[in-house]
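These are the structures in question, set out in turn.
Both complexes below contain chain A, partnered by chain B and then by chain C.
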Partner chain A sequence: MMTSVSESPPRVPPTTPPVGRPRRRISGIWWLILPGLLILTFSYFVPMLWVVRMAFNRFIGGGGIELTFSFDSFLEVFTDPYYFKVAGTTLALGCWVAALTIVVAYPLSLFLARTTSKYKALLTMFAIAPMLVSSVARTYGWMVVLGNQGLINTVLGGLGLTDRPIQLSNNFTGVVIALVQIFLPYAVLAMSSGFGRLNTDLEQAAASLGANRITRFVRITLPLTLPGVLTAALLVFVLTISAYVTPRLIGGGRVFVLAAEIYDQATNQLNWPLAAALSIVLIVIFGVAISLYQILQKRVERRMSGL
Partner chain B sequence: MADSNFLDVRGLRKEYPGTTAPAVADIDLGVREGDLLALLGPSGCGKTTTLRMIAGLIDPTAGTIEVGGRDVTKVPVHKRGMGMVFQSFALFPHLDVSANVSFGLEMRGVKSAERRARITAVLERVELGHLADRRVGQLSGGQQQRVALARALVVDPTLLLLDEPLSALDAKLRESLRVQIREIQQASGTTSVFVTHDQDEALSMADRVAVMNNGIVAQVGTPAEIYERPSSIFVATFIGRANLFDVNSLAGGVVDVAGFGKLAVAASPSPHTSTTAMIRPQAITVVPGDETAAQSLSTPGRPVFDGVVRSTSYTGDQIAYRVDVAGTTLDVETSASAARLLAQGDRVRVSWLSDDLRLLGE
Partner chain C sequence: MNDTIATTTNRIVVGLIFAFLWLPILVIFVVSFDTSTFLRFPPEGFTLDAYTTVFSTPAFVSGLWTSLVIAVFATTLTLIVSTTAALAFTRYRFRGSAAAQSFFLSPLLVPNIVLGLALLLFFAPLGLTDGYVGLILAHVVLCIPYAVRTITVSLTTVDASSEDAARVLGASNFVTFRRVTLPLIRPGIIAGGVLAFLVSFDEAIVSLFLSGFAVTPLPVALLDHMETQAGPEVAALSVLLIVFSLGIVIVIERVLGLTRTLRS
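Showing the complex of A and B:
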């Protein structure tokens, strides 16, 4: 007869209710939260409310703003095909950059998470070191590399491989290339920290059960790294759709994204209500992306933890 | 003997670049079909490396591994058809219990209906039939390791390899699971190799034990052989407790021990070179020093010595004494029911059978 010993969770003693009348007082934790709360309130929530309010004002040509309550700016945003195109480009850019960054960063992160090399810390530092250089500087660097007289086209032309420069800047492609490189370190950081569940024993167990390299990746490694991938994808997507400098500079005035459009409306056209309405559109896109992320993440988490 | 081995490991060696001593140095091991071999040793002795080489998870530097007469040394891990159980359980956290068990069957292309039948059968065998739909994260450690065992066994592995399967569990659970694993292993008749650093586990579960140290096999034998006739100081002290004596070996199965004089010892392969003899605490008889009790010891050929009890430790079923005899302190263990409890400072007589005093190699 086999004996089985059950492991019971440690018993938690019942908490005794406080004696006497409960005193209302602010518990210590609130004092710790207070500074952050104050900063957020006055630097984020209040200005956000102001932006929302601004979106319902009316723009009168020449920088004038009529304090009123109208949907004019939103009507313009939702009826002018130009803004549809801008929002579409922004979304497409976000998706392309997120997808390509993941493709490039995934093997790197997997390697960094798994390596037992004594140089692991150094390698991780190398992977995230580009963050030390401002994205403005890196954007200028990419202009030098991607331009018609840039490094790539000079080399290709010099080798006689191309007779005309390949269009790598002043277009969507150039912006994607530059943003992928600029956001790569973020993706690597987000992913390798999310790969903690990965344990070489799991892959070895799968191998011992007859799974070859590809099956092991598809059935074990990929599902277990999915949470990290989702986090990195969201991060890069959000960073991309709010990117302003790189689309502006490498786009060469031909790639129109929401962030650049908002800037343009606010500072050049002085059409603050329209800039505010566009900002709200961008925030809604953020919101949708974050909700989507949370739904997916929850689904993945549930499969993992099994609730 | 070697011909009837199901698993045959010859000259297995593993060197890691940048290290001076090999992790595993040219070891030979044989396991007969249906037997369970325990690889026992302290951490870093090479036992896990050996197991992982047998599994195909580590490439050996030299040597061959044969399973059922087939050389598998160059066969990749996923084609070896062995089942492996890990210390960390290594259950797939994104799959439920049945999906974990199903994994190996799916890899072998077993049809869904047969798969279901085999999963049900194996889960019944490890007494987890009622938890088939649970996620592995909801199970206790002991349950998780039984799932891992089921997952390894369901594919009818050529060999079952267990890498410290009980080390992550608490003591009580460890003992019950020990019995359970052994019963399941014997019922399925799966030839198994079990890595452990726990001597009780090795002795209680294995048909044969290979004691490893510094990358070599110090001794192989049945649990009784290993315990009763250790070949070296290392084996004698690593497994159980031992009283060691520095000796001068003389001819004719006799040694000279300071304070004890000339003592007869058990026959041993290398009597003349040995400088150490050992006797297990259980092999020593201790009786009160008065005349009537001492009479019982007066058998010819039994050395008898006077001693004083230095300390007593009563653990219910056993009594452990430390007895000062001839300038040394001997560990003595006796079954608690056999004798009356002696107190500290009591004068006693100790004695043993000459066959229980054994010479040890280095």
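Showing the complex of A and C:
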């Protein structure tokens, strides 16, 4: 190796494998990946394909399924006004929760990114740790806070501000409040990783040139943090539209979302083709959200490089 | 002057957000000591009854064991397949590496409700529902992305030259891995394992599709229970679960800096 610098490369006969790692190595590498590949193929990839296939089968009542190729389930999803309403509620929930979570997570992330406090690590941990608390447990906490005899209504009633409990649980509002809190740590995490570009020098420069607080925020801080905000919004939207536990427990059977409908059709009605078709609708919404995110992100990047 | 007002408002806003974030968790703590058996606030009195109820509710105790068994097996299996796969992704160049890597991370992009349905539909005819094998396989799928990510990060950050040195000195691939690589990436493997364990232990939705009467993990048992009753015993169990996962995280944070691993 050391002496061969000036030598011309050895001539390779056309029958031997290409220069580089010997070919037998390659099979060795695949042995390393194979165990994971087998598990993922058997308990993830094939089942996902099977769902797509299932959506084109026909449900013949009483748990019976006819193996065929029909669009019956999709027709049912797209013609029944009930499923329109369910899809609408799911989308509305996703948009509300994403928007409100961003509003709440933004000041917190900005604070965590900027603070020079010696407790920065501890404060960051405080913001993220609730993520590790079971979402079933946190949903229960919100049931106690939002219930008709819960914390908020007791305080409001005790202060004489309300004479009747405000309906905060068993409805859409309650689900939104609980989901915002449950997904807040995820949003903070996603935002902070996108806040890397933020630095105080630019803001100080703007301030010394006479820009006031609002101008500095709108012209400097906001554009620099926008990529992180978009990532967080996508993440929370996607998590919300597939949430099941919180809408079921806090919705109290009055908030109908796609996830609950999929579960009900699959396990109670045993209408697997319909459950599969609803899953495909959910995945399509996912895909649209991700494409929209990529388009917006590209636009933001372009504008930033134009600065 | 204007700036101090702005800073103070800023602090108040951040304080309120922290309060909002921790409110339901604190409420659970308070309610778990309540004497009343209804879903209400404030509590009526102090008692530890709720905690005794947790341990005398058969569904909770067997659910806890089921969850622990599943989490231990799922974590072990996840770590084996993720470490070998991460090794292939970081130490060798081969055709299809990028595709294989995205395939290993892709379960993260699938909504759990859809994955749960897919597994029910595929496993039911094979007799794999309502049993340990099906649940463990499902949890491995959910855990692999987290473990592959943390272990890959750890493999790319350690210096590979000591591995080359071992090979130059005549160590076989396996000995190099066992004596050099493995000790170097141990923090990454532990972090991946902890994440996998927590993901498996807390998984409710996929398990809901795959469990029936015979095998019911704790989150599913808890959900079933909450359908009919939501008294302080739910709060007590939640507190125990919180203490359990926070305990693990704090220990790991002390030893390894988990938040750093999570954010990288």
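Going forward, the second predicted complex is superposed on the first by the 262 of 307 C-alpha atoms of A that agree within 3 Å, B and C clash if a C-alpha of one lies under 4 Å from a C-alpha of the other, contacts with A are read in each partner's own complex, and residues count from 1 in each chain.
Assume contacts are C-beta pairs under 8 Å (C-beta built on N, C-alpha and C of every residue); 3 or more make two chains touch, one makes a residue touch a chain.
If you're wondering where the values come from, they're calculated on a predicted model, not measured in any experiment.
Undergrad: Just chain B (first), just chain C (second), both, or neither: which does A:103 touch?
TA: A:103: touches no partner chain.
Undergrad: Should A:36 be classified as contacting the first partner (chain B), the second (chain C), both, or neither?
TA: Only chain C; A:36 stays clear of chain B.
Undergrad: Chain B or chain C: which reaches more residues on chain A?
TA: Of chain B and chain C, the partner in contact with more residues of chain A is C.
Undergrad: Figure out whether A:144 sits in contact with chain B (first) or chain C (second), or with both, or with neither.
TA: second
Undergrad: In the overlaid three-chain picture, which partner chain does A:130 touch, first (chain B) or second (chain C), both, or neither?
TA: second
Undergrad: Does chain B (first) or chain C (second) touch A:193, or do both, or does neither?
TA: It touches chain C, and chain B stays clear.
Undergrad: Please work out whether A:211 is in contact with chain B alone, chain C alone, both, or neither, and reply first, second, both or neither.
TA: First partner only.
Undergrad: Over in the complex, which chain C residues touch chain A? Could you list them?
TA: 2, 6, 10, 13-14, 17-18, 20-25, 27-28, 31, 38-42, 77, 80-82, 84-85, 87-88, 92-94, 100, 103-104, 107, 109-123, 137-138, 140-141, 144, 148, 173, 198, 202, 204-205, 208-209, 219, 222-223, 226, 230, 234-235, 237-238, 241-242, 245-246, 249, 253, 259, 262-263
Undergrad: Touching residues of chain B toward chain A in the complex: what are they?
TA: Touch residues, chain B against chain A: 55-57, 77-84, 86, 88, 90-94, 96, 103-104, 107-108, 127, 134-138, 140-142, 148, 151-152, 155, 161, 170, 172-173, 176, 179-180, 183.
Undergrad: In the complex formed with chain C, which residues of chain A make contact?
TA: Residues 21, 25-26, 28-30, 32-33, 35-37, 39-40, 42-48, 50-51, 54, 104, 107-108, 111, 121, 124-130, 132-138, 140-145, 147, 149-151, 154, 178, 181, 184-185, 189, 192-193, 213, 238, 241-242, 244-245, 249, 258-259, 262-263, 266-267, 272, 275-276, 279, 282-283, 286.
Undergrad: Quick one: which bits of chain A touch chain B in the complex? Just the residue numbers, please.
TA: 2-7, 197, 199, 201-202, 204-212, 215, 219-220, 223-224, 303-307
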